[in-house]
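Shared chain: chain A. Partners: chain B in the first complex, chain C in the second.
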Partner chain A sequence: MKLTRREVLKSAAAASAFMALNGTLPDLAGAAPGEPDKWVKAVCRFCGTGCGVMIGVKNGKVVTVKGDPNNHNQGFICLKGAELPSIVNATKSRVTRPYIRKNGQLEPASWDEAMDLVVSKFKAAIKEHGPTSVAYYGSGQALTEESYLANKIWKAGLRCNNVEGNPRLCMASAVGGYYTSFGKDEPIGCYDDIDAATCFFIIGANMSECHPILFKRVAARKQADPNVKIIVVDPRKTNTARIADIHVSFKPGTDLAILNAMAYVIIDEELDNPRFYNKYVNFMTNDKKKVDFKAYQKFLQDYTPEKAEKISGVPADTIRKIAKIFAESSATMSLWTMGLNQRIRGVWANNLTTNLHLLTGHLGKPGATNFSLTGQPNACGGVRDTGSLCHLLPAGRMIKKAKDRAALEKQWGLKPGTIAPKPGLHTIALWNAFSEGKIKAMFVLCTNPAQSLPNVNMYTEGMKRKDNFMVLSEPFMDAETVKYCDVLLPAAFWCEKRGVYGCTERRYSLLMQAIDPIGECRPDVDILLDFAKRMGVDPKVIPFKNVDDIWDEWREVSSATPYNFKGMTRARQEKESGIRWPCPTEDHPGTCHRYVRGEDPNIPKDYKNKMWFYGTKDGKARLWMRPYAPAAEEPDAKYPMVLTTGRVIDHWHTGTMTMKSPVLRRSFPNAYVEVNIDDAKKHGIKNGDNVLLETRRDKMIFQAKVSDVCRPGLVFVPWFDKNLIINKLTLNAFDKGSKQPEYKICAVRIKKA
Partner chain B sequence: MAIMGFLVHALPDDLEHVERVVGRMDGMTTYGIHNDQYIVVVAEFPSDKIDDEVNKIKDLEGVLTIYATYMTVEDEMDEEGNLETNVDIRKILGKKNTIDFT
Partner chain C sequence: MISSTRRENMVPAKTGWIILVVISLVLWVSFSWAGQIKHLVAPDSAADCYACHKKATPIIAENWYESKHGVILVKCFVCHGQPDGQGSVPWAVSPDPRIVCTKCHDPAIKRMKAKFGLAPKCYTCHPFHQNSLHHRAYSKSQSKK
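Coming up: the complex of A and B.
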């Protein structure tokens, strides 16, 4: 029987679903996939899950995307990932040549004209005001090689530590949490733990919409074993909560009290694990003093379930119940993301979640781990690991530590003292300084700060100044920041270049180039190399000819640290679908669990204990006594409700990519405000009515979605919509430790418009 | 026409009902219930219409979510490899190929 082309494609689509389900092809007529000219291995462009994809190319165009059955996602992708062909082919909205702003308008320019102007502005700023007057603002969506290169150009080449990026806005509190608890950043466990956990403690994360493929894996685990328990702690009744055994709704910002109360119950009910914490844990006060277990017990007296109920609104019995389930499970896995991170007490919230694992010993065995989810495809591998933030150096080294600077200077072949000892400005401080005209020249790459910064009006006003300069490397012409840049560079998009993405579970996967860049677009690595050359950076410092050279140096740099992934050669990356670090040699399979003897290659096989937290001086993890503290802007008589923001399933970040897909655009064409039924009645608001939202920063009208998703007193607005930029209303108060802003909570008032 | 392969993830008690309803929808072909929680489905619609149909499935009682595995728009590309649904940059830039500073 001869099949039509359409029937072949249809069979291939069904076969792909069966492959994802069972790893085998069904007996479908024509199931042999309708092959394009070539399949190219890559990683999805969107969230931090890092799903492997195969890109089908025909006649030089991307026509098909399917899940990579050999990567962790086992062939599955979400609807956003499936829409990548539409987005790649939205070529008419691409920036295809450089532009220079003249008399307020962006006008076409040649590459030479644009780069000459950029370099003249950076050189002038450095000559007149010193190296701290310039900055780089990068992205958790840039390739690893791009971030590593920019970091080296600035910190070693220009001697400037003003290197920041949007991961400061989403992951910094998780970094702070891991660092303070274990002495090193990045998760201990991996996605495999989902398949072995018997309890999932999901707090401050809406996995069903923000990490759908991991949510599928959690749901599959529950399906396979109905005894598996799922606890969801979230002020919103999301789709994630629908599969939970217990959904705990609470007054926003009070989860610190709930987590401490859970610890109280675990000890009070004698469900703690002294064998674990006596061996592996130090108890620390908030002011960094080592104390004993009794002092911790005393600290927890302020957090009995009854006292926590008064703070959080969660019944004491519910707190007892979830604490028992957490502790009594044979393997508990915590999962969290922005609900904990985007807070002025984000590091504390991370610490208190980790405390529950240290207290119960739910660490270092299959299914038992504390796992922070990430929001961007390369926040972990690209920015956190390469140290492309103002206080970091590559592979977990710190700028403020002389020993770390010296070690890197030696590896980079720099004169001692080349790297400036003072950390640069963190994101909010950096954009404050830019808005005040103190930062004179800023290089923005692969991110959209004019929409994504909190309290964004004050920063877009700063971007309009005539005495500062911003160059933007960006693929899409309608990105909000394009309105404000002085020079616009046409960046090659996702599948038009080659490099690495590193996802949440320490997995580094190579994205192979599928098609040529359109127009005059260049990969960001090429743009940065050109910038360094024109700036006169010593070619010995930046000796790279191409993206693979950068990867090879980065592998070598990592080998002197516990991150060691020297074994991830390009040849191996091309063959395999992602490898988890540490991976010291070419025959090493990668590491599931860090800090565990027999798994982590940093621990000698004959080490005396099963675990070794080698990031700390004495090899012990730290359990922190973090008190409850309120949000930066609590509701009051004038602004009596709480505004929170986040993602929806069909859009990603500022919508510059997902709004190009007609499917996704029509699914959620505009931002809206989610209002609780009781609040809607109180304010005379019906579903679809226009509602005025007003905070101390700005006011804006949104269409109402009335439901029971938000608890009374809380409203939610997604942030993808460039026509309704909710960040005009959000707050730029930030965590003192992580410097991450509190997007998740600010005071608001609403009325029918 | 775009073609999408996907799994519908539904609550166990609603699976059979969901499969029946999806199977009756125009443009949808179902390939049975699997692993007691998924229905394999292939959808065929113009890419600017497929969302309406997929959203109908998402809105069915008992459906938790949808996982895609495959999407092709091969049939919808013109000779230049563009989709009809492309955003026209001229609408953004205006006739002068410049951007107003706002």
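Coming up: the complex of A and C.
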């Protein structure tokens, strides 16, 4: 073959342009620069989605991360997950040795000095004031084994039920919702339902920024079938609303009225499913009386779409439209998170969302489920399931029930009556008591309460007291709570230890240790075992030598309950990328839909009905008549607007991790206030102006982002920034049932600063 | 087929390929040089690429925004790194697929390899953020009609 000069030139130009377009990089066939020596299986450190990740390790250092193809996320990770290596490698910010506060300053100490001091303070408090004068405040980010161990040390070893944790601040209302509706906590369905749903009802959740990989899955479902409907109900028009067919903005707090009005429409339009609710549902009044369907219809007369419009500001026709879409779909999946949970009516809001499923029968079949999303990687598996809250015992048992205490005492080999019958103090009551000097010694582990508690000034003042004692186990030196602790213990971080995370869909995945802890850091399991030993806790109660022993006991404990995950042996966990409970035997594949015959191993295969809500005495779910009630602090003439708080995709919780990544920090270096265009005009505020926010608790200046994301009358501030702690302004009023605080609504006034 | 009237302009194939390679290399070097773009120094907000790029390179920014990566907020820095090299992937206009794409798309790459084989670069067939890849699935959704 021969070529003309013209052809040579043309070919050369085309080839060069092609190369330029594709860059100068080596292609996919070769090895990547810095290819890891090994890949270690784990779960992402951030949100409750619980994505599987593979950690790339080279020469003992974490060099990269990629999605685990065998976990539910099918290899995908979000932008925070991709930044995990830069956070692991931020070793200069780490606590690498113990410290003791002396004359107001944290001074280096040995492990023995630090632990001796901790134990002397706890022993003195118990001796002088009894076991209820000490407490444990844990985390939905601690490993399951850590929470299980702490729970057992306190409740069985020290006979103290003051065991709480930050999940009280994030999903206690979801626990209350599931428990009151079904008699058992935790979702019925799983992530697979996303692939089968034909309607998504997303309420009080900004999935796009808070659960990006699940949002991706919803978006992919919509892309695969454009006829899939997505309804987003949120007072902010977030990025989640980009894929919505209908975005419903409403006056904050009035979703209770909207949900009841949807139920009214569903019945009025004859879109309800009597075959389902007549068989499986009890109708309950707010004061726990069983009534009939007619009484429910009468209750709903107060929530006609027109009446709900007056309360919520949502046009009656829109309410009719979304109710019809919800009911007429072949499989509706509702998804919610903090927008419903962080409210003084959080349990009610959960119940009212579930009501729509009970009324329409959108439950227990692929794609049809009521699915609460959780915020932390191990709030479900670690804290909810192990019962590491003041009113719970492991596997859904309750402290106040003598039968539950006795059953656990038997399993734990304790003398009858060892577990104190009175529940401990819930988070807000606990921190109130600590601030008043009534709780004398507190063990805080893997959480940052000096930034995350609501109305936080109250509690940081309490932390400054001289007559109480706080030991903090924390990986990062710049965490806000470090400023206030009396002893600081260097905790091993995420991939420096081994243990289980349990995500939103009841999936337990093992995180394998990828690298050694740095400096003198220890895994929290080791710290807690050391604490128990020094406290003189009976070695028969805490017989564990390592983290795997704890897991084996916890599996055994679960086997006597409907949580039963005895089949999740360590060997199996090392091989597989997460299994969903119930999973009673080693050959059981795990469970997608609970309460469904043929899927849930707790239901006999020949059970007479398709579903059995075995958490309740009569096997029926409960539809609750929860009325609309206003927020704890509604706007008024003095404070005419509503302040709400939340996340941005780039940051997670108090920013102790994400602010270590240069790109995430630069993406949002500071908190800001999001103001609606109309409100900005009214107050003479332009984009970038300083704005003073003032609530009844405190005031603070933020830079304005003017947009149409917030509805008029609402402002939003993200809570990651330790230099602009928005929780100084938020309210600590809480739900009477779940004890979860109302972070999402408080009254505020704004002006240009 | 080469016509006889152009025979006098013909060069032997071997020489042709050498010329082709030399010219390619020259152009490649110059394009690569041009690829080392100067970037504004914006230390406090360097990762909010979209805010500036929707003004500076509006078509590229809009393409990203409308793409699947844009919808699910896989932001610029995830694949392109940071101008000052502070990102967790190298700063590159054309990211190294082995470092970047494999973070999420490793399973798809393996499936592709097994079924059809691989092109050297993912974006030969899947331009990173172009509408053609994702067809504006959401804004054109039939369910909105």
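Going forward, the second predicted complex is superposed on the first by the 719 of 753 C-alpha atoms of A that agree within 3 Å, B and C clash if a C-alpha of one lies under 4 Å from a C-alpha of the other, contacts with A are read in each partner's own complex, and residues count from 1 in each chain.
In this section, a residue touches a chain if its C-beta (ideal position, glycine included) is under 8 Å from a C-beta of that chain, and two chains touch if they have at least 3 such contacts.
Since the structure is predicted, the reported quantities are computational estimates derived from the model, not experimental observations.
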item: Touched partner set for A:Asp185, first chain B, second chain C, both or neither; value: neither
item: Contacts of A:Asp735 with chain B and chain C, given as first, second, both or neither; value: neither
item: Contacts of A:Asp245 with chain B and chain C, given as first, second, both or neither; value: second
item: Which of chain B and chain C A:Pro669 touches, first, second, both or neither; value: second
item: Contacts of A:Asp385 with chain B and chain C, given as first, second, both or neither; value: neither
item: Contacts of A:Asp679 with chain B and chain C, given as first, second, both or neither; value: neither
item: Touching partner for A:Lys229 - first (chain B), second (chain C), both, neither; value: second
item: Which superposed partner A:Glu83 touches (first chain B, second chain C, both, neither); value: both
item: First (chain B), second (chain C), both or neither touched by A:Met477; value: first
item: On chain A, positions contacted by chain B and by chain C; value: 5-6, 9, 12-13, 15-17, 19-22, 26, 28, 64-67, 75-79, 82-83, 85-86, 208, 212, 215-216, 219, 223, 239, 242-243, 649, 662-664, 666-667
item: Interface residues, chain A side, partner chain C - complex; value: 1-9, 11-13, 15-17, 19-33, 64-67, 69, 74-79, 82-83, 85-86, 208-209, 212, 215-216, 219, 222-223, 226-229, 239, 242-243, 245, 649-650, 661-669
item: Complex interface listing, chain C residues touching chain A; value: 2, 6, 9-13, 16, 19-20, 23-24, 27-28, 31-32, 34-35, 43-48, 68, 71-75, 77-78, 81-82, 86-88, 92-99, 102-109, 118-124, 134, 137-138, 141-144
item: Chain A-facing residues of chain B, complex; value: 1, 3-7, 9, 12, 29, 31, 34-38, 40-42, 44, 47-48, 50-52, 54-55, 64-75, 77, 81-83, 85-89, 92-93, 96-102
item: Interfacial residue positions of chain A with respect to chain B in the complex; value: 5-6, 9-10, 12-22, 26, 28, 34, 36, 56, 58-61, 63-67, 75-79, 81-86, 89-94, 99, 101, 104-108, 208, 212-213, 215-216, 219-220, 223, 239, 242-243, 464, 477-478, 482-483, 649, 660, 662-664, 666-667
